[in-house]
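After this come two complexes, each holding chain A, first together with chain B and then together with chain C.
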Partner chain A sequence: MTEVSIERLTKTFGGARAVDGISIRIADGEFISLLGPSGCGKTTTLKMIAGFEEASEGAIRFDGKDVVNVPAEKRDIGMVFQNYALFPHMTVVQNLAFGLEMRKIAKPEMLSRIAEVLDMVQLGGYSDRYPNQLSGGQQQRVALARALVIEPKILLLDEPLANLDAKLREEMRVFIRDLQRRVGITTVYVTHDQAEAMTMSDRVVVMFGGRIAQIGAPSDIYERPENLEVAQFVGQVNLVKGTILGGTITGAAGPGKSRVASVFGEVAVDSRTDHAPGAAVTLSLRPEAIELKTASQGGAQGKVTARYYSGSIIDYRIALDSGETLHVQTFPNIRIAEGDRVSVHAPADGFWLLGAAK
Partner chain B sequence: MKRPVLTLYCLLVYAFLLAPILVVVGASFNAGNFLTFPPQGLSLRWYVTFFHNDVFMRAIRTSLWVAAMATVISGTIGTMAALYYVQHAGRWKEAVRIAMLAPLLLPEVLTAIALLFFVYAVGIGTTTMIGMVAGHVLITLPFVFINVSASLESFDPSWDMAARSLGADRLTRFRRIMLPLIKPGVIGGALFAFIISFDTFTISFMLKGIGTSTLPIQLFDYLRTNFTPEAAAVSTVSIVLTLVVVIVSEKVLGLRIHRF
Partner chain C sequence: MTATRRKGFGPLILIAPAAVLLGVFLVLPYLNIVVMSFRMPGQGTPYGPGFTTGNYTKFFADSFYLLQVANTLWIGLITTALCLVVGFPVAWQLARGNMRFRALAYGLVLSPLLVGIVIRSYGWTILLGNNGLINRTLTGMGLIDRPLPLMYNALGIVIALVHVFLPFMILPIMAAIQGVDPSLESAARSLGASRFTAFRRIVLPLCTPGIQAGCILVFVLSLSAYVTPSLIGGLRVKTMAVTVVDALIDTFQWPWGSALALMLSVTGALCVVIFARLTRMKWKVART
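Here is the complex of A and B:
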């Protein structure tokens, strides 16, 4: 299998830098997501790895070998597209056989490999169907099978679930992830859906404006976002203003933390960046880290302005007496109604000190 | 039949347009000596006369040959032009389109005269059929171009990318992926080319070789001095020939469009 190393990769269109000197090392068998809003350069990056776009600068190495000058058809990649891109004039088997024919695989081996892969994507009985006789989910599974049957070095997926409905999308996330683990193939997955990136990936690469904002495990990205932009893109977040207090923190709270004064009192907050005492900073506070209690039980005081019930959780909007608005998510077993006054508690480890946006 | 008046109106328009053709077909089975309708008795005698008429037979062979040549050449050039237009023309796209459609916009007689001057100026002349075939290619090209570029517009570039990722080189991708998927457009365009070439008068009239003649010209010549049902028989045969070409290509090559 294959280790991929991207070094200072750049793509310019006219004068604009769509991808601006990014470097990523992808381990053998790793599942990596490129996550970002549209126009952040994630698809261009994927196309450069595939060979559909020429790199303006930088290197792409598969197992140490630079492939920048290797045409797409010789890179030995498996690619899955958003619109499936199945050949409409070929049956499922013919679609799968295409790549094997290009590799001049003998017929008996070809058929056994196709049967094996179709089995893997649970489409055993669909060999002779045409793509237009399949549902969207089935088509995407055929596309996956077609990419995998050639046993490529790397699997590349470009928003493969974007055209599916919500329920199917969730099923397919798990399906693709399980399949990838079983095959053990190095995978690069492009998406703008943070939930998708987080549930599927070993590591997530968050991109903005052609640059990498943060690379890390999903929990890293979510719990310890590099900056405001990342925090806001990856899930819901409350921003709490604070001021850095001087003095060192001792005991269990330990080093690497800063003391910050905010509406929630004085908290010892994790951070990656150093700030001088007195500096104005922004803390992130995830909605599900906040605990609501009935009024006058300590903590910050506020009033429920809105309540949205969505089954597994309830969303609250809280107006704090200090003027700030909070977004809170709790399990439905707490019954607090719109208009109620509440005490808002936030544990110290729910906060994270954000670095300034680059 | 929700709107009886509209339906009736449409039927009348079609009847008005198609009736003359039916009349010609009917008149061709005339037993009498003049082109009249209704026919005076039924007979195939004018077909016999037609098939024994060397001049007409030579003309129909010329027409078929020129139409076949024009179809192949214009099918090839038109497809290549459409490929360039859709995939590579970039900011020249509109200019390319107008240039390709120009033969449709110019009066055919003008094109014909210009071509006539041209073939003499470059020394080709009209002793061979080169000039006439070139003229037919010119006027049929827009039809191939329009049909093929329409089917190329619905060709999803990711099909090509998928084939590339699977290891197919340029030629294989064209042969195995693109051509089968744009085939209805190519065949449709080629059919148009064949029918238009077979039917055209002006271009052939100007550019025909000395002593040769296509079927429409021969028919026109014939009608200047004769008014027998043989003319109707000629027309009927050319209608049937056209229909046969359409039906055979539909059955053999497939005009049906893949539904995606």
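Here is the complex of A and C:
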């Protein structure tokens, strides 16, 4: 299998830097997602790994060997496209056979490999169908099978689930992830959907404006976002203004924390960055970390301005008496109605001290 | 019941105007030509009383006319092949090139059709003649001693026909290429196909319908072209269309001219059928 190393990779389009000197090391068998809004350079990065786009600067190494000057057809990659890109004039078997023919695999081996992979994507009985005789989900799986049957070094997926409906998308997330684990192939997955990136990946690379904002495990990205941009992109977040207090923290809280005064009182907050006492900072507070209680039970006081019921959770909008607005998510077992006055409690470990955006 | 009836008549009403036009101005005249081709030649009149197969026996007995049909088909074939070779790269650029290039190229491609056919053909005589621009320039530069024979031969006709029929080749092919998703080529290349293999195995089969349409259009138009061959071919090289018009208008032999016209149509149609057979797509995509 293959380790991929991207070093100071840059792509300029007429002076504009679409990808600006990014470096990522992808371990053998790792599932890594490039996550970011459209235009952040994630797809361009993927195309450079695939060889469809020439790198302006930097290196891409497969197992230590620089492939920047290797044409796409010689890189030995499997790629799944957003629109599947199945060959419409070929049956499922012919689609899968294409890559094997290019590798001059003998017919008997070709057929057994195709049968094996079709089985793996649960399309055993569909060999002789044409792509337009298949549903979106089936086409997706054929595309996946076509990329895997050549046993490539690396699997690249470009927003493969974007054209599926919500239910199928969730099924396919699990399906692709399980398949990837079973095959153990190094995988790079491009998406703008943070839930997709988090559920599937070993590590997520968050990109903005051609640069990497943060690389980390999904929990790292979600719970300890590098800055405001990342925090806002990977889920909903409340921003709470605060001021750094001086003095060291003792006891269980330990080092690596800062004391911050905010509307929720004085809290010891986790942080990756150092701030001088007196500095104005922004704390992130995830909606699901907040606890609501009926009025006058301590904490910050406020009023429910809106309530959205969605089955497994309820979303609340709370207007605090101090003027801030909070977004709160709770399980539906508490009955608080619109217009009710509430006490808002936020545990110290629900806060995270954001670094300044780069 | 009403619903099904409405469904049945709707399309009929929509195609009615075209059907009437074709019926009155194509099918009926054609039938008239078929009947005319079996009439007796007349003396001082377009045709005489009674019927005969003599016009056809005359045609098949005289190798001059068979040769002329072969000549006409050959010119049509060469014109079609050249249009395909010259037109395909242009169609590709129009379909896949950048926008600014496209607007300009589109205008250039259509430009031959914006000039009247007679004017355009005279234009070619100015360029191609023994005393024309091309020959004078070449002799002036000392590259040739004698003028190249560019006019009054098949070469001149082919040059002029390729020029005017190029748009009919380019436009259908361009439309077909536009219908082929560029990511299919990327997919083929990711699977290990070179650019050329990706083109041959994926793009080419998918734009075959456009190539077929373009080839048939150009071929049929070349066979039936009259003004260009008559002005550039002159008296030396005659295509069937020119001979047919001679027979009908100059010598006033309607039955003979009709028979000639029908032989041209039949051989042309035969060529188209054979071509369509040979290039038939081996895949049929069922629509469900």
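The rule is simple: the second predicted complex is superposed on the first by the 358 of 358 C-alpha atoms of A that agree within 3 Å, B and C clash if a C-alpha of one lies under 4 Å from a C-alpha of the other, contacts with A are read in each partner's own complex, and residues count from 1 in each chain.
In this text, a contact is a pair of C-beta atoms (placed from the backbone, for glycine too) under 8 Å apart; a residue touches a chain by one contact, two chains touch by 3 or more.
All values derive from a computational prediction rather than experimental measurement.
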Chain A as common anchor, with chain B and chain C clashing or fitting: clash
Touched partner set for A:Ile105, first chain B, second chain C, both or neither: neither
Partner chain(s) touched by A:Met120 [first = chain B, second = chain C, both, neither]: neither
First (chain B), second (chain C), both or neither touched by A:Gln133: second
First, second, both or neither for A:Ile150, with chain B first and chain C second: both
Touched partner set for A:Ala27, first chain B, second chain C, both or neither: neither
Doubly contacted chain A residues - partners chain C and chain B: 50-52, 71-74, 76-79, 81, 83, 85-89, 98-99, 102-103, 132, 146-147, 150, 156
Chain C partner contacts - residues on chain A that touch it in the complex: 50-52, 71-74, 76-79, 81-83, 85-90, 98-99, 102-103, 130, 132-133, 146-147, 150, 156
Touching residues (chain side chain C, partner chain A) in the complex: 181, 183-184, 186-194, 197, 201-202, 205-206, 281, 283, 285-288
In the complex with chain A, residue positions of chain B that touch it: 156, 158-159, 161-169, 172, 176-177, 180-181, 258-260
Residues on chain A engaged by chain B in the complex (per definition of touch): 50-52, 71-79, 81, 83, 85-89, 98-99, 102-103, 131-132, 143, 146-147, 150, 156
